[in-house]
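Letters A, B, C and D mark the chains in the order given here, with residues in each chain numbered from 1 onward.
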Amino acid sequence: MRRGVMAGRFASSGTALDQFWRVEELEAPARERLAAATAEFLSGVPGDGRTLSANRAAFARWQFEPHVLVDVSLRDLSTTVLGQRIELPVMIAPSALHRLYHPDGELATARAAAAAGTLAVISTSSSYPLEDVRAAAADFAPWFQLYWVSDREMTRYLVERAHAAGFAAICLTVDAAVPSWREHELRAPFVFPDGVIQANLPGGPHVHATDLTWESLAWLRSLSPLPLVLKGVLRVDDARRAVEHGVDGLIVSNHGGRQLDGSIASLDALAAVAEALDGSIELYMDGGVRSGSDVAVAVALGARAVLIGRPALWGLTLGGEAGVARVLALLRGQLDSAMGLLGAPTLPSLTRDLLRPA
Amino acid sequence: MRRGVMAGRFASSGTALDQFWRVEELEAPARERLAAATAEFLSGVPGDGRTLSANRAAFARWQFEPHVLVDVSLRDLSTTVLGQRIELPVMIAPSALHRLYHPDGELATARAAAAAGTLAVISTSSSYPLEDVRAAAADFAPWFQLYWVSDREMTRYLVERAHAAGFAAICLTVDAAVPSWREHELRAPFVFPDGVIQANLPGGPHVHATDLTWESLAWLRSLSPLPLVLKGVLRVDDARRAVEHGVDGLIVSNHGGRQLDGSIASLDALAAVAEALDGSIELYMDGGVRSGSDVAVAVALGARAVLIGRPALWGLTLGGEAGVARVLALLRGQLDSAMGLLGAPTLPSLTRDLLRPA
Amino acid sequence: MRRGVMAGRFASSGTALDQFWRVEELEAPARERLAAATAEFLSGVPGDGRTLSANRAAFARWQFEPHVLVDVSLRDLSTTVLGQRIELPVMIAPSALHRLYHPDGELATARAAAAAGTLAVISTSSSYPLEDVRAAAADFAPWFQLYWVSDREMTRYLVERAHAAGFAAICLTVDAAVPSWREHELRAPFVFPDGVIQANLPGGPHVHATDLTWESLAWLRSLSPLPLVLKGVLRVDDARRAVEHGVDGLIVSNHGGRQLDGSIASLDALAAVAEALDGSIELYMDGGVRSGSDVAVAVALGARAVLIGRPALWGLTLGGEAGVARVLALLRGQLDSAMGLLGAPTLPSLTRDLLRPA
Amino acid sequence: MRRGVMAGRFASSGTALDQFWRVEELEAPARERLAAATAEFLSGVPGDGRTLSANRAAFARWQFEPHVLVDVSLRDLSTTVLGQRIELPVMIAPSALHRLYHPDGELATARAAAAAGTLAVISTSSSYPLEDVRAAAADFAPWFQLYWVSDREMTRYLVERAHAAGFAAICLTVDAAVPSWREHELRAPFVFPDGVIQANLPGGPHVHATDLTWESLAWLRSLSPLPLVLKGVLRVDDARRAVEHGVDGLIVSNHGGRQLDGSIASLDALAAVAEALDGSIELYMDGGVRSGSDVAVAVALGARAVLIGRPALWGLTLGGEAGVARVLALLRGQLDSAMGLLGAPTLPSLTRDLLRPA
């Protein structure tokens, strides 16, 4: 049977992971396995969760108009990001403290990404030292996510370490200048479990800088020759300013709905920014990607690649490296099928013309 | 009583079928009667089922603006498709393995269609030999639905048999170049029950060709003099290309929502294609038709006829030939009432002008 | 207390009716009191009930933009219809067989309408002879709703009787040329209870004429000097044609959602027709009116008056004349309050400018 | 941890109030604590509650497009209203009889407002004498809400007392010329509990004037030199007229959805009025404000400040002065966070450009 062809692609892990065929199926069992506070930390959003909902709803507002009678016998899902080739247009978004989810933490995440032919963005707040994570990623050099803390020397120290360790880019988070009003955290502040630490930060948590401006970027760029990516840009004018300031890439993102409740959906922002900037800078997006069809929509709207946050952590919780691998394999398989059915066998052929508003 | 006039049209079958007065009422009892795997096979769609929902929702987005004081004493529901007269603008869509639903399989389907004065499209994967099904259809020559398999000689063999048996057209499915990502099938691949076979395919299932292009059609047309219909076209540009390549008819379809989740609704695609092509090719549609009002909407938007898929199988499950006949009788009765109330006593008088967006 | 001023307007009936302060509150208890078949007959609609829902939803799509600092110390709710003064812009819509709901049937309905200072439209299928109903209506001459039956002499007979009895207008229903496909009636045809008859029709039910056209109206007008109102017009072009054929008034209506499922909402049709015709004919509407605010919306969109159907029957069921009176009193009280709060103390001051789309 | 920074701002009251981190969390426990009739009085709205829902829904129709890389190390939430400086753009809306909710009544409300650095609008129907309330408000002079009663001398008496007591403005309610049709009050008229009185009104309740016009304002203005604010304006033309008549400020309001059901949402009206008037008069709004993000939206759409009604009463019910203080502190904290995340550290930098329709 034809469907056997597709299922056959998945090497069985011989574990309960084999039962998952949709990314969202991992959420409930992952949350169940975690301590309540960790599950809350993973999912928590401020306010009414409007932005979280908006991120998902934005995908449902697009429909496909597939082409027929296109030769799709060979599908090619690969692309490059900042010059580095990846085998599918999906990266791992940065998130804190992967040891909360699995003892192997970021090591497992980096290994799974590399095995799938892609890269992970490693958080300032990673629970393994960035050098160890870099080593685990083998041929797929990760990016280093930077929280610019108020102590400039600490910021310099982090960038220099990332550069020395062989990271491929600095990814500065710009949408968290002040704390979000997350009711659940205000009610019950999150306490680090025993053995889970911010491994890159000597002396514990630091306060974020609140006075950064576009002019601050020059100093940051002076610290290393690494390309600079901004994460958290949502506006066309800010995106244009990033180009003027020599930024190399933008992750259009609202922090997974965890910062300002009511922010525009990432996908909507991507569509506007991509249309306005028209290729003058590499664009990525995160927020709400849960299927290969979602990846196809984001690429058709102008993303060079997408990033997944919570889905990777669900996989990590349920199976460590194998769990993250499962999530990536599902997205790959779904994207491959969608591209075949769309008559779009390569990423460049995934054009805006294949979409229409629902 | 006036309502007696209408009810009186339905010859009682003396069976439980007499209780059904809406097509959708058949779904639940039909699913209940089937083995779970077959029910799943019948209903199954990939992803979130967005396309399935969109197919239905598209009808609800149109409202009627009926004319009054039109003489509707005589209603004429007949039309022609590729030159063949049918008594109502409803055909049976192709679907696999009707023996899954009733021992008489496609024979019952073809008989019920012919008795109602219309035709069925018979699948490559029919469970009775196409020659036997043709014989059962009496005066209403069916169309043959073709899956172009990767073995060209097998494709030639199927077309030549259909021609020799007296089918009226070849209907090539073009929206299934690669397998759909149907989670339920990936989890539990469908196994043919004992005695159910693909009766037209010596040697069992074949792999679909994935490299077809518009240029491939010339070879297909060389195999027989039968008119060619493409099933699965959703785009205006593809529809135009079909006209340029001499295709005789198009079934605007998204495969009942079973292929690419997120595809545009069939009815929405029909409206766009019909407006753009303006009569240069016969257009039919399937996907979401559940009532005579739905038929009226589709005709008003440009369909020469519609096709019903799952509803025919619900009827087949519940009553064999009589069940399919019941479904067609309901649609006929409802369409007749709707045309009378719309002040549109013939199909050509069912114009776009009678609709407005809801 | 101020609110006492308003409540004080309602003379207590000393019955359970005093508990109702919203029209919709009467529906459930009324249905409960009726035999199941009668309740079904009262509420029944074809198909998915889309038109019934649309009728209600249409009101919710308008919002008020009230004026402030207008002298509203005197509110005047009166108007004229075909030259006859009524004290509030609400009439009773025609419906069959009021004896199904209360032994006093149409006599109670007509009395309650007259007591409230308005008129009722009496159905061809009334369960009391039209002459008796006319007498009950005292100073408020009812209109006679005509089903044009296929026997022309019977039609002539009905019109001549209505004229002789002193009805003020003939109201021809034009949206019921063929029977609606009402599943519940097809399944279980309605049987008249003992003692309930169509009192105006000697020899029992007659078949509706299905061949009426605009040209047929001349003969109808020749039968009496009464003004002619068409009930069931929904289109601008049909409304224009009515003006050309000398029709005196139009009830924009979809028969309470009981005929063609999927028809445009009455209120939406009213807005379009009123805008296009701009006062060249008197317009009324029915369908979905449940509150004084609804009346205000309809008047602001161009209705000279509205008609209520099911609400009057709920009242009739629960309290005979007093029940219908309660419904009319609620609508009057609510409309009076709404006009005061809108800064629109007269019906002519209820202008389109007070509304905006929601 | 960073989030500690934010939580630390809230001085613990050592009471159950500390558990509330969203304003809406106070509603259910407050209603539970109140007598049923008082809870109904607090929440009650007429009709379907459409306006109440619309007030909330209007906020959800706006999304934020935040700026990044703006120096937000210092946030300034202060503004002036009619020349009086307030520390956050949130005032307390007028409402009747605060003693229904807490023995300290309006005294507690005024103290909490002043402690938070803002002012309250005190109702004609306050349950403490306006002079006592003024004294409780310390440095933040309240405004006096006026119901213009039909007895002009009583109106004069109220205005003169407010002026003498040191109120900062007269705020005339103009959206309550006639009683609203509130079913729950018609069914069970509200009875004042023992000890709760309209302390400003000798001789008990008075009937509202129903004949006020724009011309009436001159006499009102002649009674005192206090600035005049109109509460309840929703239309652009009425707002323009207010400017022409020398009114000093407008509260765009629909009376919390308590008067005309179906009125436009306050926020929608604010947007229209602010765009049309372009700064020629101070604009405030109430209706549906439940979070700091809501405040940010209203300010971005043109409000100089917002007013909260029911939320203050929930707080008053649960904790007297401390409860009202908690509500104001939550709004302040949320607004502060939102302004930081929006890249808008001052109220003037909260511009329309930060919003887009959802």
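Everything below uses one rule, namely that contacts are C-beta pairs under 8 Å (C-beta built on N, C-alpha and C of every residue); 3 or more make two chains touch, one makes a residue touch a chain.
Because the structure is a prediction, the values reported are computed rather than measured.
Participant: If you check the contacts of chain B and chain C, which chains show up for both?
Facilitator: none
Participant: What's the rotation, in steps of 5°, that superposes chain A's Cα atoms on chain B?
Facilitator: The superposition gives an angle of 90 degrees.
Participant: Can you check whether chain A and chain D touch via the same residue numbers (shared by over half) or via different ones?
Facilitator: Looking at both copies, the contact residues mostly diverge.
Participant: Round to the nearest whole Å and give the separation of the Cα centres of chain A and chain D.
Facilitator: Roughly 43 Å separates the two chain centres.
Participant: List the centre-to-centre spacing of chain B and chain D in whole Å, with centres computed as mean CA coordinates.
Facilitator: Chain B and chain D have C-alpha centres separated by 60 Å.
Participant: List, in ascending order, every residue of chain D touching at least 2 other chains.
Facilitator: In chain D, no residue touches at least two other chains, as defined above.
Participant: Sort the chain contact graph into one of these: line, ring, star, complete or other.
Facilitator: Graph shape, chains as nodes and touching pairs as edges: a ring.
Participant: Where on chain C does chain D make contact in their complex?
Facilitator: Per the stated touch rule, the residues are 1-7, 19, 21-22, 60, 62-73, 291-293, 297, 333-334, 336-338, 340-343, 356, 358.
Participant: Of all residues in chain A, which touch chain D in the complex?
Facilitator: Its residues touching chain D are 47, 50, 54, 174-183, 185-187, 189-190, 205, 207-208, 210-214, 216-217, 230, 232-235, 238, 241, 259-265, 269.
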